[in-house]
Amino acid sequence: MNLGFGVVGTGAIGQEHMKRITRKLTGADIVAVTDVNQELAGNIVKELNLNASVHKDDTELINDPNVKAVLVTSWGPAHEGTVLKAIEAGKFVFVEKPLATTSEGCERIVTAEQEQGKRLVQVGFMRRYDSGYLQMKEAIDNNFIGEPLMVRCSHRNPEVGERYTTDMAILDTLIHEIDTLHWLVGDDYKSIQVTYPKKSSRALEHLKDPQIVTFETKSGIIMHAEIFVNCQFGYDIQCEVIGEEGVVKLPEVPSVGYRKDGVRGYKILQDWQHRFNDAFNNEFQDFIDSINQKGEPQGPSSWDGYIASVTGDAGVRAQTSEQVEVIELPDRPDFYKKTKLEESSL
Amino acid sequence: MNLGFGVVGTGAIGQEHMKRITRKLTGADIVAVTDVNQELAGNIVKELNLNASVHKDDTELINDPNVKAVLVTSWGPAHEGTVLKAIEAGKFVFVEKPLATTSEGCERIVTAEQEQGKRLVQVGFMRRYDSGYLQMKEAIDNNFIGEPLMVRCSHRNPEVGERYTTDMAILDTLIHEIDTLHWLVGDDYKSIQVTYPKKSSRALEHLKDPQIVTFETKSGIIMHAEIFVNCQFGYDIQCEVIGEEGVVKLPEVPSVGYRKDGVRGYKILQDWQHRFNDAFNNEFQDFIDSINQKGEPQGPSSWDGYIASVTGDAGVRAQTSEQVEVIELPDRPDFYKKTKLEESSL
Amino acid sequence: MNLGFGVVGTGAIGQEHMKRITRKLTGADIVAVTDVNQELAGNIVKELNLNASVHKDDTELINDPNVKAVLVTSWGPAHEGTVLKAIEAGKFVFVEKPLATTSEGCERIVTAEQEQGKRLVQVGFMRRYDSGYLQMKEAIDNNFIGEPLMVRCSHRNPEVGERYTTDMAILDTLIHEIDTLHWLVGDDYKSIQVTYPKKSSRALEHLKDPQIVTFETKSGIIMHAEIFVNCQFGYDIQCEVIGEEGVVKLPEVPSVGYRKDGVRGYKILQDWQHRFNDAFNNEFQDFIDSINQKGEPQGPSSWDGYIASVTGDAGVRAQTSEQVEVIELPDRPDFYKKTKLEESSL
Amino acid sequence: MNLGFGVVGTGAIGQEHMKRITRKLTGADIVAVTDVNQELAGNIVKELNLNASVHKDDTELINDPNVKAVLVTSWGPAHEGTVLKAIEAGKFVFVEKPLATTSEGCERIVTAEQEQGKRLVQVGFMRRYDSGYLQMKEAIDNNFIGEPLMVRCSHRNPEVGERYTTDMAILDTLIHEIDTLHWLVGDDYKSIQVTYPKKSSRALEHLKDPQIVTFETKSGIIMHAEIFVNCQFGYDIQCEVIGEEGVVKLPEVPSVGYRKDGVRGYKILQDWQHRFNDAFNNEFQDFIDSINQKGEPQGPSSWDGYIASVTGDAGVRAQTSEQVEVIELPDRPDFYKKTKLEESSL
C-alpha cells in the first residue's frame, strides 16, 4: 500500500517535493495538505489534481488517519513544533533542513524520538544520495584509500542576491558540507574555524565572500571547505579526500566535451537544482521505500540534524571570534547508530 | 488517469520493464498480462502484487477495455503480429526492438499505422533519451559545430558468450547506433559497408570481432562505427561528431576519480544496464507522459523501426559481400515528420 | 669532438634547424653552408655568428673535410641529388622530408646506402621523437594492450591557404601519420583508400576537405586517419590504438585548466611548431648523439622515407580512383632491420 | 662567446648540472671546478672530457680569469661564503637552494650584491621555469581570473627515508612552493601557520606527515599547501589559484591515456627529476642567455632566496608553536624590482 503523505507548507519547496512524489516517485500519495495560506494549499491540490484533504493546521493534518508520513516544508521556525507533534502521534517525518532553528530545539526532537522508541524522522540532506558522494563513501568504507587524513572541498555559486548575509554562508550554504563530510569519513567534528581571504570585489558590501572553513575531527582529520558564492563562473561543488594510500575525488558533472574556437571544454552547470536533481529523487524514494519495506527511514536522522545545528552554531560563532571554536557534542546514542544507508538500487 | 498497460511477454525483459513501470515511473499501471507460459505470467502478477488480469493470448489482452497501451516484450518473431493487432484495435504500443524481424513486416506496420491515422507505436531505442546523446543532439541542432561532416563511434563490450554470432554484431549490437546516428545528425543513410580488422584472439572461432561499419548518409556524412564485443576492459560507448566548426563528444560515464598505486584513474562500467538505466526510465516515462498529456507518443516511431530494419538487413548483406551496400529507403512520409523529442524535464 | 654539419639550403626551415643546432643542442657545429642564393647563405652565417665556410654548391660542401654530416633543407626536387652525393662521399645525412620526390628516387638512395654498407641517412620524421608517441610505442611493444587491431587518428589544422591542394593532404599532411602509424604498430601497409565526407563550406573551392584515409596492414590492422585542414578550432593531433586487451591514446597537449564564464576548459594549440618543438629538438639531438656515440644514426631511415614515398603515391592514386589501392613494397632488407630507436634520456 | 662556468662542489647535484650545461644547453662551457674532494673533482673532469682547470678551493676558482659565472653546488653551509666571494669579485653566481642557511646570511648577500650595483646572483628555484606554472602566471598577470583570492596546492612524494625530518617538510620540500606562490600572485607573505592532520601510519615514528601550511599574504590572499611525503601513489604537484572571476590549475603531467582492466587511467610519475627536467634545462639556459644577451640574470634573485629563508624560518617556528607566525620582511628594494622573467622561447 502506498505511503500517505501529509504536507505541511505548500510554498515553493513544498510544491516541488509534491510534484516529485506525485510524478517521479512511486509508493507514495499525497493525501493531505496544510498551509498558513489555506487558499494556496487548496489551489495546489487542484492544480496537481490530488485526492487530498486540505487541513486547517498541522495538528489536524497529523491527526488525519490517512496521513502516515508528514512532509515538513513550512518556514524554518515552524519546523520544530510540527516535528514534535508528528513524533508524538507516531507518524513518520521528512523535514527539510533545518530540523529546528536552535540546537535546543533539535535536542528536544532527538529526545522525543528516542522516547518514542523508533526512528521516525529523516532530514533533507540529499547529498548523501548523490551518486558521486556515494561512490566516494563506498571507496572510503572499503579502505580503498586507507585512513582518511585530509579533506578539501569547495561550494561555489555564480552569485547571490542582496538578502544573502555572511552567516548564511554557514547556515544555508555550508550546511550541506557539514552534513556530508562527517558522514563521508565516519567521524565527528571537534572544532571549526573560519578565515576570510581577500574579499571578492564582486561581493556586495555587507557580505564576506569567499570564506574558508577549517574543521578538525575527533580522530584528527583536517578539512578545508571553501565557500564562494560570487565565483561568477558557475555552480561548482568539489570534494576530495586524501587518505594514507590514495585520493578520491567527486566526479565532474558529466557534460558533452567539445572543441571549438581554440578551446577544449565542457559546460559548467549554473544552478544547483540540476546538480542534485537525481539526489533529491533518490532521497525521497529511499524514505518511501525504507518505510514501506523496513518500517523506518534509514537516511539522515534527527541526530544528523542536531549535529548540523550544533556545528552550524559553532561556525557562526567562529565567524565572529575568528578563533577555533570547539564543537561540543554528546556521543552518538546507540539509538542512532543503526542508521546505515544502503545504496538504493535505482 | 493512469495509463493502463497490457504486457505481452513476461520473460526477463518484460519483467524488468514491469518493475520499472510499477516502481520507478508514474502515470501508468499494469492492468493485464499474457505469456505463452501462462503460469509464469500468473506468478509475476502475484510476485509484483499487481491488480492485473492474466489473458490467454495477445488478442484477448488487446481487447481488454482496461488496456490502453500494449507493451510488447515477447520474442522477436511474435512482435509484428501483436503490433498489427494492437494498431487495428487503436491501442498504443511500446515494442522492444525489433519492431518486426523483416523489413516487410516493418512496412506492414508502418502502413497500418498510417491508415489508422494517428501515431500509436514507439520502438524501444532508449539511447535517444540518454542525457549525453541529448546534449550532443542539442548542440548539433543549435548549430554549435556547424554542419556535421563525420562521425566516429565505438560500441564495446567486455566479452560475449558462445551464442553470439557475427550477424548479431549488426542486428543486436550496432542496432542502437543505427537508430541513434541518423537521428543525431538529422540525415538518412545512403550506404553501409563492413570491414573486418585483424581478429581478436579473445573472440571465439565462429565470431568475427572486431568489425568496423562505415555509413554514408544522403548528404555525404561519413560515419565509422567500431563494434568490439570482446574488448576485455569494459562496456564502453563512445560517439564523436566532427562538424565544420567544432567537435562534440559523448561524455564519459561519471565516476569517482582516484589516485592510487601510480595511477590517476576512473573505473569503467562493466554492464550496459547501469550505463543506460536512466535512459530506460526516461524513455518509458516519456511514452507515458506523451500519451497522457498529448494523446500520442513522440519517441522513436515505427518508421524509425523500419529504418533500423532496412539498414540492419543491408548491414548483414554487407558482412557477406564485403562491398558497399546501398540502403534503399523511401522518403520519410509527412506522417512521421512531426516526431520531435522534447527533452523531458526530469 | 663535435659533429660538423654542412647545411644545404638556408631558407626558412634550414635556418630554423641551424638555430636549433647552434642554440638548443649540443655535440654539433655548423661548419659549412650553401644555398642557390649565395648571398642569403653568407648573411645567415653572419647573423648566427657562425664559423662556417660558404660553398658554391652541394658538391663542394660535401667535399669539405670538416663536414661530417649534411643537413639537406633545400627544396624537395633537389634532395635526391644531394643525398646520393653525400652517401657516395660516406657522409652522414639528415634530410627533411621528402627523401626524394619519387619512389624511384628513394629506391636509388636505399640502394646506394646499402652498397655503402652502413646506415648514413636519417629522414626528418620527428613524431617518433614525441614523448606521447614514444609512450604509446612503449606500451604497445610491452604488450600492454595485446595485439593492435585498429588505429584511429586525426590530423587537424585550423585552416590552410590558397596554395594548399587536395594531394597535399596526403603528401604534406598525412605524410607524418604515414611514417608514424606503421612504426607504432610494427607492421607494413598493404593498401590505402581515400574517401571524401561531405565537404566543409570553410574549405576553398579547389580543395577536398576533410578526407578520410583507410589503411590496411599486412597483418590486417585497419587504420582510419582523418585529415581536416580547415577545422577552425586549432591544431589537433590525435591517435588511438585499440588492441585485444586495451586501448592507448595520445595525451592531450598539457595546458592550464581553467574555470571561467560557465566553461571548464583548456586552450588548444593553434600551430604545429609548438606541438612538436620538443620532438624536433630530440630528433636532432638523437641524430647527433647516435653518430657521436655509436657511429650511425638510429632514427627514421631512408627505408622509412621510401615507404612514405610509395605509400604517399598510392594515396594520391587512391584520391583519384576512389578505390582501394594496393601498396607494393618489397620486404624490408635486413640492412634496415637493426634500426631501433631507444628513447633518448632527455 | 660562451659563458665560462666554474663549479664549486662536484657531488651528485653538481655533476647533474655539469652534464646539463655540457650536453643539453648551449652558450656555456665548464672551465674550472673545485671540490673539497679534489680527486673527485679531477675524475669528473676526465669523465665528462672537459677542458677545465681543477682548483684547490673556491677562492682560487673565483679568481680564475676564465671563470665568468660560479655554479655553487657545494653543501648548504658553504654556500654563503662562496657566494659572497664571487659577488666581491664581480662574478655571476648560480647557487642551488639554499642561498644561505640563515636569514642573516641571505641578508649579507643581498647587501653585498646591492653594493656591487648589479644583479649577479640567481637562486635555483626552477619551478618558475615550468611550462605549467608559466601558463598560470601568464593567465593571472593578464587578469584572466581577476584578483587572486585563494591558492591551494599539494606537494606529494611517494615516500621518504629515515633521514627525512619534520622540519625538512618546510626547508626542503615546501621551499619550492614558498618561492613559487608569492611569485605567482605577485604578493608578499604576511604570516605562516602549520597544522598537523591525523598522521599517516606509513610515516616513520619521528616524522609528522602530512602537514598543512597556511600562508596569508599582505593583500589577504589565503594559501593552503599540503605537504605529504609518504602519499604512496606517486610524485604529485598540484596548484590551483581561485580568483574573482575564475580558477586556473596546474596541468596534469601529460601521460598516455589507457583503458584496460576496467580502468580508464593515466600513469603518475614517481620521481621529481622527470617532472621538472624541462624546467631545470630552461632555468639554466635562461641564466646563460640572459647574461650573454643582457648582461645579467633575470631569474629568481638573491632577494627571492632571502624571502625563502625568512619564510622557511618562520615556518619551522610555526611547526613548534602551532600558532600563526608573522613573516617580517622589509619592502623589496627597487634594486630587485626590475626582475621580470620573460618566457624563454624554447
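Just so it is clear, A, B, C and D label the chains in written order, and each chain counts residues from 1 on its own.
What we mean here is this: a residue touches a chain if its C-beta (ideal position, glycine included) is under 8 Å from a C-beta of that chain, and two chains touch if they have at least 3 such contacts.
Everything numeric here is computed off the predicted structure, so don't read it as measured data.
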Touching both chain A and chain D (chains): B, C
Count of contact steps on the shortest path from chain A to chain C: 1
Averaged-CA centre spacing for the pair chain B and chain A, given as whole angstrom: 37
Geometric centre distance via CA averages, chain D-chain B, whole Å: 59
For chain B paired with chain C, centre-to-centre distance based on mean C-alpha positions, whole Å: 45
Multi-partner residues of chain C (each touching 2 or more other chains): 232-233, 245-247, 252, 255, 259-261, 266
Complex contact set, residues of chain A against chain B: 22-27, 131-132, 135-136, 139, 144-145, 245-261, 266, 277, 346
Chain D contact footprint on chain A (complex, rising order): 146-150, 152, 195-202, 210, 212, 214, 219-222, 224, 226, 228, 231-233, 242, 244-247
Residues of chain A defined as touching chain C within the complex: 232-234, 236, 252, 255, 259-268, 270
